[in-house]
Structure formats: C-alpha cells, structure tokens
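Shared chain: subunit A. Partners: subunit B in the first complex, subunit C in the second.
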Partner chain A sequence: MELFLQTLIDGALIGGLIIVVGVGFSLCFGVMHIVDFAVGEWVMLGAYTAYWLVRYLGQDPMIYLPLIFALFFAAGWLIYPLIYRAVSGRRHHPALMGLVFTFGLSTLAKGGALSAWGYHVRSVSTWLSGQSVSLGVTTLPALRLAGFVFGVLTTVLFMIFLYGTRLGVSIRATAQDRETAALLGVDVRRVGALVYATYAGLTGMTGVLIGALFSIHAAMGAKYVIFAFFVVVLAGMGYVPGVIVAGLLLGLIQSFVGVYISGRYTLFALFLLMYVSLLVAPRGILRRGL
Partner chain B sequence: MKPLRWWAICWFAGVLALVTVGAAGLVAAQQAAEYKVGVVTSLSGELAFGGNVTKRGYDLWAETLNKAGGVLIGGKRYKVRLIYADDQSTPATAAVAGERLITQEKVDVILGPYASGTTLALAPITEKYRVPHITGSAESPLIWKGKFKYTFGTIPTVTIIAQASIQTLAQDVSPKPQTIAILGIDDAFSKFAAEAFRTAAQRFGIKVLRFDIVPEGSDYTPAVSAAKALNPDIFAMGSHEKAAIEMIKAAKELKFNPKAFVQHYGMTTPDFRKGLGKDAEYVFGTSVWTPNLNYQAKILFKTPREYAAAFKARFGSDPDYTEAASTAAGIAFQEALRAINAAPPLTQAQKDALIGALERLDLMTFYGPIKFATSGDYYHDNAGLQPIALQYQGGVTVEVGPGKLRLKAPRYPTPPWDKR
Partner chain C sequence: MTTPAAEVQSPARSAAPRLTLGALLAAALLLLPFTVSSFWIRIATEVLLWAGLAQSWNIIGGYTGYLSFGHGAFFGLGAYVTGIGMTVLGWPFAAGLVVSGVLAAALAAAIGYPTLRLRGAYFAIATWAFGEMLRQVATVLEVTGGAFGMRLPAFLNLPFFYYVTLGTSALVYLTTYLLLERSPFGYKLLAIREHEEAAEMVGVNTVAVKVNAFALSAFFPGVLGGIYAYWLTYIHPDSVLGGIITDLMVVMVFLGGMGTFWGPLLGAFLVQLVSRSLWLVWGESTLYLVIIGAAICVVVLFMPGGIVGLLEGRRAPLLAPRAAWRWWRERVRW
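Right, the complex of A and B next:
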C-alpha cells in the first residue's frame, strides 16, 4: 500500500513536469499549427540561463524565474516574425515549413550551446533541492511538488485568460479560423507573436525547474520534444485543458510500469498508449482536439 | 600591348604551376612525415561529456609524443596527427564517421569511441576495411565476444571491473551487507555493468532483491521508490555519468538511504563531484587506475603521478581511469608501430602486421601492463588489470579495496542525507 501510494505520487509529479512543458507547446500548436521542434531547446536554454545567472550573480535560481520569463518572452517575440514568414502560406507546405524551421532552430540552439558552454554536465540547486515533505507514509520531493503546482497553476491561469479575456477570445478565434478572425479585425500576427512569446517564456522558466531536478547539458532538451508531442496528441491537438489529464496519465503510466512491471517497458507502454489513442481517439482522449 | 599580355599570362601560369607543385609537395611531405590517426568519439549529443573524456586522453598522448619528436622508425621520427570525427552519441553515425575517416581521410589507424554502443557499431567497419582500431574507453563484454580481429581495448571489460566495489563491500566492511537492489540503463555498457553487479553479489552471497533496466533519459523516481520499498543494504547502478548524477538527486529527494551507493561509471568524473557537492560523499565506484598506483614505466610518462601532473597542467582537472586508458591506447599503437618498423603511410600489409604486433605487445606503461588477450571471452581486451574499489571521502575519490589495494578504510554505513 505504501509503495502504491508512493508510486501514485511519483507518477503525478512526473506528470506535473510533462504538463509544464506540454501546456505552452499545446497552445503554440493550437493557435499557430506549428509543432515546435525546439521546445526542448527552450528548456535547455532556460536551464543554462539559470545556471549562468547563479554562477555570476549568486542567489537562488528560483528568484530569477520572472527575469527568465521576461528574457525568453522577448526572445520568442523577436523570433516569431521569422516563423511567421516561414509558415505564412506563400510557400507550398506551410506546416512542413514550420516544422523544418523549428527543427533548424533546435539544431542551432543545441550546437550553439555545445560550442558556447562546452560539454560539461552542469547542475544548479535551489533551496528546494533535495528537500521533501512527508505525507503519511509517502515522501513528496519539494522541487517536484513545486513543478507540479507550477504546471497546474499555469494551465489554470491560461484557461482563465483564454476564456475570460478579450485577448483570450481573439487567441481562440485565431486558433479556430485564422482567416475569419483576421476578417473580423483580430491582428492574427500580433496574437501569434504573443502566444509564441508566452510559450517561450513559460518553457524557459520550466528549464530552471528541470535543470535543478536533473542535469544541464546541450542535449538535455531532446526527450522533451517526445514528451510534449505525446501530451499534445493524447490531450487532443491544441486542446489546452487536456494537457493536465494527458500529462498526469503519462506520468502515472511511467511510474506504475516502472515500479510494478519493469523500467524497461515504460517507453513501450507510452508508445502503445499513443498508438491506441491515435487509432481509437484521434482527437485525443477527451475528444476535444483538432 | 600584345607581347606584354603574353608575358603576363606566362608569368601567371608559371607562378600558378610553382604554387601547385609546391603545395602538392608540401602535402606529400606532410603525409609522408606523420601518422594519420582517426578518432571516432562523441563530441555532441547525450554523451558529449564522455566523448571529451576520451578526447582529452587521446590529445595528451598525441601532444606529448609529438613534443618528444614522434615515433622513432629506422632512425627517423614521425609525428602523429589526430583527425576527429563526431559520432553524435549514436551508433549509426559512429559507423558512418569511421567509414569516412578510412575511405576519405585515409587514416592509418583508429582510436575508438567513448561508449560501447558506438564502439560496437564501429568495430564491423574497421573489420571490413581492415584498419587497426583501439578503444581507450569501451567496456562492454559484447565487443570482445564479437571477436573482431581489428579491434582492441585498453580497459578490462565491465564484467571484471564492476565486481571490485561489491567485493570490497562484501569482504571489507562490517556488518556485511546482506541485500542489494540493482539498476542499469538500457545501453550496451550500462546493462552489463548492472549484470556484473548481480554476478558479484551472487558470488559473495549478497541477496539480489531487485534487478531492473530502464531506458536512457528516464525519470529515476519510480526506480528509486521501488528500491526504497525493499530497503536494500546496497543500491548499485550501471550507467554513464549524467544518469549517475541524476540518480543521486532522485534518491536524495525521496530520502532513499541505503547503507551504500555504488555507481559505475560516472563517480570518477569531475562533473559528478561538482554537480552533487557533499551528496557525492560516501558513494562507491570502481576503477582500474588511479594516480596512486606504483607502476614504473619508460614510455612517455614514467609513473601514474607524472601522468596525473601532466594532465592537470594541461586540462586543469585530475584524470580518471578512462582518460589514462585513452592515452594508453595511443601508447599501444606507438609501440606496435615501432615493433614492426612501419613508417607512415601504412600499407595494408603493414596494417595487418600491426595487428600481430598488438597481439604480441607486452608493455609496462604508466597506466599499468598492456597485454591484449588473444583468445577466449576477452579476445583483444587488456583484461589483466586489477580493478580497484573507490569511495568519495572528503571531496576526493580514495582507494578503499578490495583487500590490500585499500589506502583508506571504506566508510560504511552511509549516514542519512542531512548528516553528510
């Protein structure tokens, strides 16, 4: 029973991390129909930024979260016009162009990070690192709990923003039908830039958490593309609230398969789930995606 | 104006011809004067850190040898030139990179990759083109079981090395640990490290409570929780350096506190200590070389200490055994080349003769004896080295066994996380 509860908690907290990466990615796909291959590299760059800030300015990496959000928001805002050019329909396969463009961004970021910062495996620690909260017979790692809360909170705030504000309505309108939204006076380009910048900012912040939990190196982002993609497919392409359910499901599967069957079958279980989900419910497990 | 133009054309043609001939001559002279040593290793991707571990070892060999003038063949000295190819941490790319080095760069010999998976992909290529290949890093037994004629290795297979720490824990601490949980990463090296832990545990009468293999890049919390529930005395993990760091972080978060942590490979690298700080304390690991060994040699570096000092002066950190073994791989080539008196570039017959020379090699180096096995399960592996158990104590790795190899007593059991 003790192990069961711990497995449940481990799974939920792994899910929390997947949610954090998945939520921006999902929105980015929903609004701009871009599968951003560079999602992992935003995580990596966020982690490195935290590492260098701590190295040169000291303090706990957590206090740099707002600064990192601002920096990555700005970077996303600046990069967006390039993406817009790549996918703006004047080319033959805009979706494919977006894919290729972000793949290029990802390669550039990975190579750039390796050249600029070298091959060493770096670590940062926060005041939450290594801490944990005991809850009955189970142990909740504090930093992971923070990641989980951060993920769920961001998603909820996002939903409030999307469903409760005028700008949110225009974002959803753009996601639903770009041309009609433009006809009705929505500045689709600005909406796109805002979404991409927010996504970059959020994912950069996630990098701080992930960097503190695991380790920081140029190739660390690779696996998050897969997870983000899994989440988005499972959640329903572009359906943001689904990310919470899908992230939790993925985390729990990893955890339960890892503990009760064998760690070597976790990827198999995840791929199987994705396959079955695409076969049975191509619009996501909640049937709300595109 | 016409005659002048003719003159100009003749002059230009003359200069061009001179430059071309000169350059060709220079290139030819350069080619004749040095050995082209191809290096396939991971310079980017997941294993970039490890790839650079081998690179530092190979570089130090080439630089030191060239500073001394090069390899002495028939009264003349020939330098070596390392030509790198990045395997991007993936086996398929390692094969392509090796093929490119052989067919386009026309390298004489090859120094092999950091990881076993990439080495296993490169070995059939060097076999196909009949190019001698020594790895200074790969430890998977699969490489030696493959009986590749052209592939050699300076580090004993992990099935030999990984036993040292378990043996030390079984024989040199009290009370003797009774149980163990083992985790391995799913790659050609790490899962055999895990297997070796299991074999050693069974040999020394330690009960294996759990044995699991997880994919590379996994989240280790489920594995840690599963092990924690069984409360083993020892938790042993076979992985590369990054996973080793992440596992200790996960264990601390979940307050998993076995009496001993054993890690192979990774705990001997500077990033492990830097990344974990005092959480690295008490962790056990294994090695086949430390600067404290008493080898006396005559080639390039006289003692392990001299090597360690040269390494620190060049790279600013202490060498671990993989770096030493990579340098030793270069020394093996250099001595075999001397033995067959082969000046560069090597002909195919000379490359084949080099294999014979490597098989006959019986050397004492700063890294220890080099003598490649010529039959059995360790075919072409330098399997004769004595594995040493290490433990982090006071921010450095110290030799704690097995038996008389101990310089300091192993600290056991490991205290709780907040008391380290």
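Right, the complex of A and C next:
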C-alpha cells in the first residue's frame, strides 16, 4: 500500500512537469499546425544550458530559470521565420514541409550536442536535491515537489495569459480559425512567432528541472518527444485543457510501469496505449481535439 | 513535385535511346563485381541498398504524401527476424527474407489502419513512436541479444550480397514504376496526395489505398534489412534500429526529389558519396547527424522539389550548354 501511494505521488509529481512541455507543444500545433519534432531537443538544450551556467557561474540552477526562459524565448523567436518559410509560400504540402523541417532541426540539434559534448552523462544538483518532505506514510522528494509546483504554476500562469488577456484571445482565435482571425485584424504571423517563442522558453525552463531531477545527456530528448506526442494524442491535438489530464495520466503510467513491471518497458506501454487511443478515440480521450 | 507522372515524359522523345541507356546501365550493374575490387563492390552494394530503402520510403512519403518517421524500424525488424530465423529457428536465408518482408508489411498495415484515417501529423508521430518503441524492445528482449546484439552465421561472399541487393532494389524500382507510375493505383495515390477530400469524393477508398501503400513501402525495407543482417553478420539495436536509418531515408528522398521516380536513386547516390568520402576523412563521427539535419533544413527551405524538381523546373534541360548559359544569364547580371 505504501509503495502504491508512493508510486502514485511520484507519478503525479512528474506529470506536473510533463504538462508544461505538452501545453506548449499542443498550442504550437493548434496555432501553426506545426508538430515540433524538436521538442525534446529544447528540453535537452535547456538542461545543458543550466549545466554550463552552473559550471561557470556557480550558484543554484533554479535562479537561472528566468534567464533560460529569456534565452530560449529569443532562440524560438529567431528560428520562427525559418519555420514560417517552411510552412508557407508556394508549396504544395505546407504541413509536411513543417514536419520535415522540425525533424531536420531536431537531428541537427541532437548531432550538434553529441559532437560538442559527447556521450557523457552529466548532472546538476540544487539545494533541494536529497531533501524531502514527509507526508504521513509517504515522503515527497523536495525536488520533485518543486518541479510539480513549477509545472502547476507555469501552466496556471499560461492559462491566465491565454484566457484572460487580449493577446491570449488572439492566440486562441488564430488556433480556431486562422483565416478569420487574420481578417479580423490579428497579425497571425506575429502570433505564431510569439507562441513558438513562448513554447521554446517554457520547454527550455522545464529542461532545467528535468535535468536536475534525472541526468543530462545529448540523447535525452527522444524520450520527451514521445512524452509530448503521447500527451497531445491523448488530449486531442491542439486542445490545451486536455493536456493537463493526459500529462498527469502519463506521469502515473510511467511511474506504475516502472515500479510494478520494469522501467525498460515504459515506451512499449506508452506506445500500446497511444495506439489503442488512436484506434478508439482519435480526437483524444476527451473528444475535443482538432 | 506535383507534375503528374504522365506529363514528365515528353511524347516527342522516342523510346529507343532510353532503352539503350537502360540496357547499358543494367549491363554495367550486372558486370560490376567482375571488374572492380572488393572495396568498390562493398560501396556499390551499400549504394544499391540505400537506393532501395529511399525508394521504399518514397512510396509512402513522396507518392502518398504521408511522412513515416519510423521507417528504419521495418529495416531493423527485417534484420532481427532474419537473424532470429536463421540462428534460433534454423531457417534458410531466403525464408528469413520472405518472412521479414511479410511481417514488416503486416505490422505496417496494423499501425497504418488507425493512424492513416487521421491527419498526416498523427501518422508521422505514430510511426516515429513505433520506431523508438521497437528499439527499446530490441534492447530488452533476450532473443535479440539485448544491447549486445546478435551474430548471424558468417557467409563471406561479397558478389552474392551484391546481386541479392541489386535484385531486391531493382524489384523496388520495378514495382514503383509499374504500380505507381503506370497503374490506377498510382493515380489514386497521387489524387490522395494532391487533394484527399476530392479523391474520396470521386470514389477512391482512401484508407484502404493508403494502408496498402504503407504496407508495400514497409515490405521492401524488411527484406533489405534481412539482407543487411546476413551481409554484416553482426547486428545490434543501434546499428539496425538507430534513428539515423530513418534520417538517411528522409534526406535522400528530399534531396533527390519527393514523389519522383529517379529522385531517391539520385539522392541515395549523392548522400552515400558524400558520407563515404567524409568517412574516409573523419572516421565514425556524430558530425554526420549535423550534416544530415542541416541538409534536410536547407532542402526544405530552398529547394522543396529536390534536385529532380530543380531540373524539371527549368523547361530546357540544364545539361544542354546553350540552355544552361541562358539560365545562368537570367540569374546573374553584371
């Protein structure tokens, strides 16, 4: 029973982090119809940036979170024109071109990281590492709790931005109907740039926490691409609130499969579930996807 | 890229020179092992293998317009099925190849059935996840030797593997030509790629056609994977299921020209040429990934039709000196 509770809590806590990645990824699809294969690479680069900052400047990785958000926001803003070029213009299959382009970006980033930093596994530690909060029969590792709090906080702030501000309204309008939004005076190109940059920033920040929780290596991204895919497939592509349910579910599945079966079968379990989900509920378990 | 197959051939040109050219090429390919050293036979086998793989990917990615980012998985599956069949179950090589191909096609149909009903993005994701999943499973299972890989009975006969690869790749191109360039099936695929709703409206059973195309495009990588495994006699998850196999197929087709008949061959030849030359300079290196990634990005951004698209875009062939000169003068003014 204790193990069960512990697994449950661990899973839910990890789910909080995955939600942040999923929300940005899903929004990217909703607004720009881009499936970003580079999502795992943003996580990986975020983790590495934190590692090098800590290595050369010292201090705790947590205090670099705003800086990393700014850096990745800028990177996303700079890359966006290229993505825009790939998905627009006189091309016949814009969606396909966008997919292939981000696939190329991801290969480029992974290859670059492997070439520059090799296969070594690195880690960063924060003042929270190793501490824990006891809660009745179970204990919560402080870092996981911090990650969860970060995830919830970021998601809530992002939701407030999306649903409460004028800019958020124009983002949601673009996601709903691009042409109509453009006709009503929304600069869809700028909205796209903003969404992509915000998504890159959020994902990079999440990478710092993921890097602190687990280990940092150049090939770590692939796992998070699968996680992001899984979350949006279950949530329904482009349906942001569904991401919260699906993200928590993913954390739980990963945790339970890892504890009760074997950590080496998590991808297999996720794939099977994704397959069944696509088979019976292609628009997500809440039936609200695009 | 969108030029229908029928328009590509200009009716004015007669078939005789092309037939002669084709016969010469076939003769050269058949006689190659007798004339060059084993090093070059190996290189030629590799080029043929990749030409076959790239064309297989082109069937679903180029002709149908659905990107499979897990195509390397079918290659790896074929390698492992042939390996397990030959070592554990004692099958002959040929049986291993057939079973590999059929199994790859069956799995492709199973994955394709739910995902090909949806938008292309779901298909891309599902195939990619399938590839990653298969690699993890191959690393865990005992029968595949886990991360250490498995050994196949050694059979060191380079010309044999050259001819088997040549035969299989030729079969891929022949199938593509007959089934996609010269039959109603090919026109159905083209219609789906260009306008899926319209295709459905005129009575094309789009899901069935797409699933068939995907199964067909997975069959050949399965067979080629089996050949590759027996050729190298040692396989492990990273060598036959690594993401780079899919990456290479994608870059070859895109560089050559998506949805064109000769594009994959051209792309495979060029990419192999470059990667082997770099290999001589650097040895094994992760810099290949950087180059592949950059190449994909550049092709998508600046020449979405690939090399074939670039050549077709010019009305006159660039190889004719006068036309090339005019093309040059139109662009460069001083």
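In this text, the second predicted complex is superposed on the first by the 276 of 290 C-alpha atoms of A that agree within 3 Å, B and C clash if a C-alpha of one lies under 4 Å from a C-alpha of the other, contacts with A are read in each partner's own complex, and residues count from 1 in each chain.
In this text, a residue touches a chain if its C-beta (ideal position, glycine included) is under 8 Å from a C-beta of that chain, and two chains touch if they have at least 3 such contacts.
Given the structure is predicted, the values throughout are model-derived calculations rather than measurements.
Participant: Should subunit B and subunit C be called a clash or a fit once both complexes are overlaid on subunit A?
Facilitator: Once subunit A is superposed (C-alpha atoms), there is a clash between subunit B and subunit C.
Participant: Which holds for A:188: it touches subunit B only (first), subunit C only (second), both, or neither?
Facilitator: After superposition on chain A, A:188 lies in contact with neither partner.
Participant: Once chain A of both complexes is superposed, is A:99 in touch with subunit B (first), subunit C (second), both, or neither?
Facilitator: In the superposition, A:99 contacts subunit C only.
Participant: Of the partners subunit B and subunit C, which touch A:249 in the superposed model: first, second, both, neither?
Facilitator: A:249 sits against neither subunit B nor subunit C.
Participant: Would you check which partner chain A:114 touches, where first means subunit B only, second means subunit C only, and both and neither mean what they say?
Facilitator: In the superposition, A:114 contacts both subunit B and subunit C.
Participant: What is the contact status of A:235 with respect to subunit B (first) and subunit C (second): first, second, both, or neither?
Facilitator: In the superposed model, A:235 contacts neither subunit B nor subunit C.
Participant: Just checking: does A:274 make contact with subunit B only, subunit C only, both, or neither of them? Give me first, second, both or neither.
Facilitator: It touches subunit C, and subunit B stays clear.
Participant: Which of the two partners, first being subunit B and second being subunit C, lies in contact with A:14: first, second, both, or neither?
Facilitator: It touches subunit B, and subunit C stays clear.
Participant: After lining up the shared chain so the two structures overlap, which partner does A:85 touch, if you call subunit B first and subunit C second: first, second, both or neither?
Facilitator: second
Participant: So, does A:282 touch the first partner subunit B, the second partner subunit C, both, or neither?
Facilitator: second
Participant: Please pick the stretch of subunit B from 117-125, 207-215 or 225-233 that overlaps subunit C when the two structures are superposed.
Facilitator: After superposing on chain A, the stretch of subunit B hitting subunit C is 117-125.
Participant: What residues on subunit A does subunit C touch that subunit B touches too?
Facilitator: 110-111, 114, 222, 262, 264, 267.
Participant: Subunit A touches which residues of subunit C in the complex?
Facilitator: 1-2, 65, 67, 69, 111, 113-115, 117-122, 124-126, 128-130, 132-133, 136-137, 139-140, 193-194, 243, 247, 250, 254, 285-297, 300-301, 304
Participant: Touching residues of subunit A toward subunit C in the complex: what are they?
Facilitator: 29, 33, 35, 37, 82, 85-86, 91-93, 95-97, 99-101, 103-112, 114-115, 222, 225-226, 229-230, 233, 237, 262, 264-265, 267-268, 270-271, 274-275, 278-279, 282
Participant: In their complex, what parts of subunit A are in touch with subunit B?
Facilitator: Counting only subunit A, the residues touching subunit B are 2-3, 6-7, 10-11, 13-14, 17, 110-111, 114, 119-123, 125, 129-132, 139, 141-144, 213-215, 217-219, 222-223, 254-259, 262-264, 266-267.
Participant: Residue numbers of subunit B touching subunit A in their complex, please.
Facilitator: My answer: residues 43-46, 48-49, 51-52, 89, 183, 186, 212-215, 217-219, 221-223, 225-226, 228-229, 241-242, 245-246, 249, 252-255, 270-271, 274-277, 279, 417.
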